[in-house]
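Heads up, the next two complexes both have subunit A, just with different partners, subunit B and then subunit C.
For the complex of A and B:
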């Protein structure tokens, strides 16, 4: 299948790197949105690891996902500096607002924007600062409209 | 002739709309027939003023901020392209008191230089340290770093010269230089500002380390939460290969694990495994990455090195206080009016930072608690705000400076809730190797929940649990989680009386 071809190409390009596993996993997730289970056996084989070891690494790291996310991934910062300016209330609001939506909501522990919180990140590309619940709704509305 | 205009491309500025400001400026300049050269610089670190637009004039760089895209036409109407007066005008950037009162060394080019241009870096004294180092023997470089008194900026404050000496003294055919760019502490962003705003300086510091310990390969392990910094580093590396000579650097992306900032977990992760903490010894300096001698330092540690070589160890050593030499880039965060990057010599008080620089809380309410040094740092009450900012003074009150992050909370904070969060964060991020850390943190959340529900007698149990975690954990994740918890309990006991909101 198509995905497997991509996976094999990525493995071939990276497998000789020292400590190649994380770079391979990152590239697969960037290409496919997640790390599908069928990529585990070829990675294990190429890197001379057991499948359990590869699986263990995928599940250890918060960043890696095994199933495709929603149409967009929205990460709300839940760490202390954002808590100090209403981050928890924003996170709660976000949970309620995105219940049943096709957007994926995830906590993130600090984006390095700690003087202008609360902050959020959309799809690892876009950042927003000083996010109030109202501003959150406007941003999400725009994402939902943008089909 | 064209006018040089600076609009930061730093992630914080982007989060506040800098891209649309840059677009509006380009459009408006074209409409007015003004020829501009747009530079996407880093942030000057005055984050409440972002997006901070600067215009180069014969008087110096003139600042306007915070600028939103709709302000741009009125700025042009006011003649901002020649430094004209406008309600958003701030005057000459370098004369702003908030910047002027700092002593920027490691951060001096952030926001000033064009981070995409090696030529600009070299034109602004960049590269001097590496040039000097190339004419020195490895032992001489190590001695300069040792004599400067530089201590690691990642949190543990270990003398950098001693670490480098150990690596130099350990024979091996392949040695490594690893930069810890995991910057996981909430309230910290100085590494990010440097990587985005002056990336060549980090590369230079690593190359100097390579010469000092005879390593030819370097890795930068950077957290996945920093996509803009990753892009900035990769772009800088593309332009720097010739300049770096035989020293090679590769950027490796983390995967959302706080404990991977711990140096041995980081090495495990770089090698392609789960980020589980290794028992020490062996020290990474003797057996580190792929079992080879490895220098591992924080971004700001490497970032401090070029100047030490260029200006001499004694120049650096003369600055500071007690056994804390040089400057520390503090980061003012959380509920603070003027948040951002404050690089000053050790020796100010916390109160001076919070009020003279920070201007008090963002909300306008009284500051009640301040967490210094990240999620494993102590919560300090107002009565401790006069503590001097140096490693020893903080250790003396059971606290630490860590990576220099300062997170302010106003009087609406519920300290039992903050203590609960410290335990919860430990439970989420524990690598799982030690039972007190892995299980104890989850128990800690439950115990604090019971206290908040009115079972005050559970405070004893919480103290016991903290004691077990402190003494039964392999690394600081488990052993130092008790610091925020107990400092909250000791200084804000009124919040632990079971009046759960």
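For the complex of A and C:
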């Protein structure tokens, strides 16, 4: 694994923290975009855990991914408040629009902006409020253009 | 005990001493504090419905089926997680509870296939039983879009990778019992629940097959599974058993109790027995699954003879074979004298059988030429512990480890060699006990999930005594002695001599560092940790005994325990992890050339007279020949006949060339075994043996526990081994008439003070007994040396480190040491004839990357290994488990010839061979 050096560096930096597993997993995902399966044995070894235990934690949290995401990650809120103002239709539209695209679509349950839904998040960096299907297409177009 | 199934109390027993009384369904129930309501009810005969609870695992509280009502409390607490309290009033049945349970069960079944009639668990399915108990009558829902009775994993592919059990996620109710069994019972942590919600499923390793995961195939998950999700393949093939017989495993010295589940005369599965005190319901891949050798087509079931070892075998009747063997033995004795024949007793056979063989030698052969394979494993234990503590056996029960605070493991690899004990040890370490490992190799215990040794003293092979003396030096010079214990319990003069000796600068860790290779600071740290423990326990194995200073090292261990007061109560002690199911027993039974049963010397007139009177023959007062002496005497022409029961010296004994030459020089080798083993090539008479499933008897494990072996099926060759020995004695003209092994045990009890309280009737009642069991200790002796040592005062002995003659040179620059793997057992006669070869199919040579690189060796290469004694070839695995300068291999496969390389060196006191240290050269084979 070409990223093994990164993984080992992150493990070395965090392994003495109390409850080090989650901080390590977060940082690996931040650095590599995902937690490659090859990083599990060194994490397990360092924390005196089994591979199965680390695997169990990674698969338990939807946030952690085992394969790299698309070029951008688009999260559509599917929680109640957004559903009440057209979130379901937006999600349906998004699914169709991004079929076969190199962007990754994920549901998210509440981004804390219930007053201005439906809400959408791109790459954990930008938030967009009152997203209509049209607005969604414009945003996606921009992402697709931005190669 | 036949035919019973173990009762499942739902949660483990509480060890509290205070009792509480509560009311359950109108019954007054008294239980130890901390007992769950579920268990309290079960003890009163009230079985609360449950799915995720089983008494081998801690309460989990997830299935919501065991809800109860408690007067004065709101809601419906789970009875598995609610502890009993004094005065509680509990109702386990009410209309509201019935409705809740039925609804919960309906949800389970909404996602479970309804193929009960064709399901392998039919007849033994907890889910089916609970559906019946709660009165489930309809299922209104399906999982997701599915109809009721379908499972959303039904399309998942079954995992059939393990040779012994299958995993079908389509039948899983996600109760987590398997995951918890792997963690709590086995301590491997190979399983997890991956995903969440409907997506959650049991997963091995990182979502791999069971075979590709860390799974060690102990089978605990399969027993824990309440459905057919995890199921033994033999049950899938044969259906549920019709009866069960409680017996004792015939592999290692842990001596696990098993329920053999049987259909007719066929074993369906072996289930670890919850009431077996050595294992408490746990097992390993060997005892649990690797019993198929008993009916393997290689079993020889007809006696055979031949005039010369180059002739083909000829099948004959029992009478002809026995008459031939007897006449040959007598012919040899007439020609070459009374002492020209002898016998080797099997540590795999029962106590009764071992007793009979030594009786045959002493009474019918008329000499003391009897020895056992303990010669080549734990004879230094017998010697060393007898000299210091006064008794040739371990001091504790296995359960004692639950009270240890610091555990020292020396020259043993419990997770491979004694896996069921290792699980107990690891559990104690997870609870906070500290661990010290003294081993040349990085064994699993040094660093594996949730277990990490505080100190790993990675010594050079052959330097145990140096390290142990250095630890003693630290204890004496840093004031860590238990002065009060020593003053009260030990011989003062011997102690002062020892103290003066170990305190010398020559025994300091700093001085001995050069020899052992262990940094002095590590030795000091380990010594301080052990000496400061409230309870310090030492466990050791063949890595201590199989050395030229094996007996010295055992003595050094006993010295450490006495010096720190770690003898005579639970949680401490000196514990040899004995190799074979009945190696303790074979030693107890007088299978030594110098000792009668109960470790009494043949020169002792009173003892001899006791046996002479009972047996009606004179007994020779001089010790007979040990195995190595027999072999040497064969080569000089004075030893010509051998009765070898259940042993394979041609593969198991060191320096194969020498052994084979000696066997070839004998005129009559009578071999009694299940299979035509390596030694059979040199035999003239073959007498078919019987496996442990085919006979009654007893085995004695490493904790001196005598457990019953019960016949599950008739002997394939028509005779159990004790019947064969008896027939041979009769053919030799010495009458033996036993109708049942219980009569042999009665004779043993009559003649052996430490066994005088043992009888089959008492064993039936007690389940098992730890000797000494006599008038002073009618219920046996779990912990030895409680108030005083068996020899009165404990005897410290000087342990001068003397380097072995087996030294590395320019020609042989590496040290070879040997060991075992989990799935194979010793010479592999049994395990090689099971699917355990799927786990380990060939012996491998472990070599450090540095030594491999120097020799241009790549992983998987076949290499040549040469020692002063011989040479062989092995495939190589490159690993940092071994240190530079040390190579390691196992000895399970005859073709590997591990013992072609090992030398004649042996322990100074007992002749136990120095298997663990051989100087070798390893080289890449040309053209490989």
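Brief remarks follow.
FYI, the second predicted complex is superposed on the first by the 146 of 147 C-alpha atoms of A that agree within 3 Å, B and C clash if a C-alpha of one lies under 4 Å from a C-alpha of the other, contacts with A are read in each partner's own complex, and residues count from 1 in each chain.
The rule we apply is simple: a residue touches a chain if its C-beta (ideal position, glycine included) is under 8 Å from a C-beta of that chain, and two chains touch if they have at least 3 such contacts.
Just so it is clear, the model here is predicted, and its values are computed rather than measured.
Look at A:50: by the touch rule set out above, it reaches subunit C but stays clear of subunit B. Once chain A of one complex is fitted onto chain A of the other, the partner contacts of A:40 are limited to subunit C, with no touch recorded for subunit B.
Of the two partner chains placed around the shared chain by superposition, subunit B is the only one that A:23 touches, whereas subunit C remains out of contact.
By the touch criterion defined above, A:111 lies against subunit B but remains apart from subunit C after alignment on the C-alpha atoms of chain A.
By the touch criterion defined above, A:81 lies against subunit B but remains apart from subunit C after alignment on the C-alpha atoms of chain A.
Ranking subunit B and subunit C by residues of subunit A touched puts B first.
By the touch criterion stated above, A:60 is placed in contact with subunit B and with subunit C alike.
Residues 53, 56, 60, 62 of subunit A contact both subunit B in one complex and subunit C in the other. The part of subunit B that touches subunit A in the complex is made up of residues 11-12, 14-16, 47-48, 50, 183-189, 191-192, 224-227, 229, 252-258, 269-275, 290, 331-336, 339-340, 362-363, 371, 375, 405, 407-410, 413, 418, 421, 425, 428-429. Those residues of subunit A whose C-beta lies close enough to touch subunit B in the complex are 18-23, 25-26, 47, 53, 56-57, 60-64, 79-85, 108-117, 119, 121, 124-125, 127-130. Those residues of subunit C lying in contact with subunit A across their complex are 188-196, 203-207, 213-214, 447, 449-452. Taken together, the subunit A residues at the contact with subunit C in this complex read 37, 40, 44-45, 48-56, 59-60, 62.
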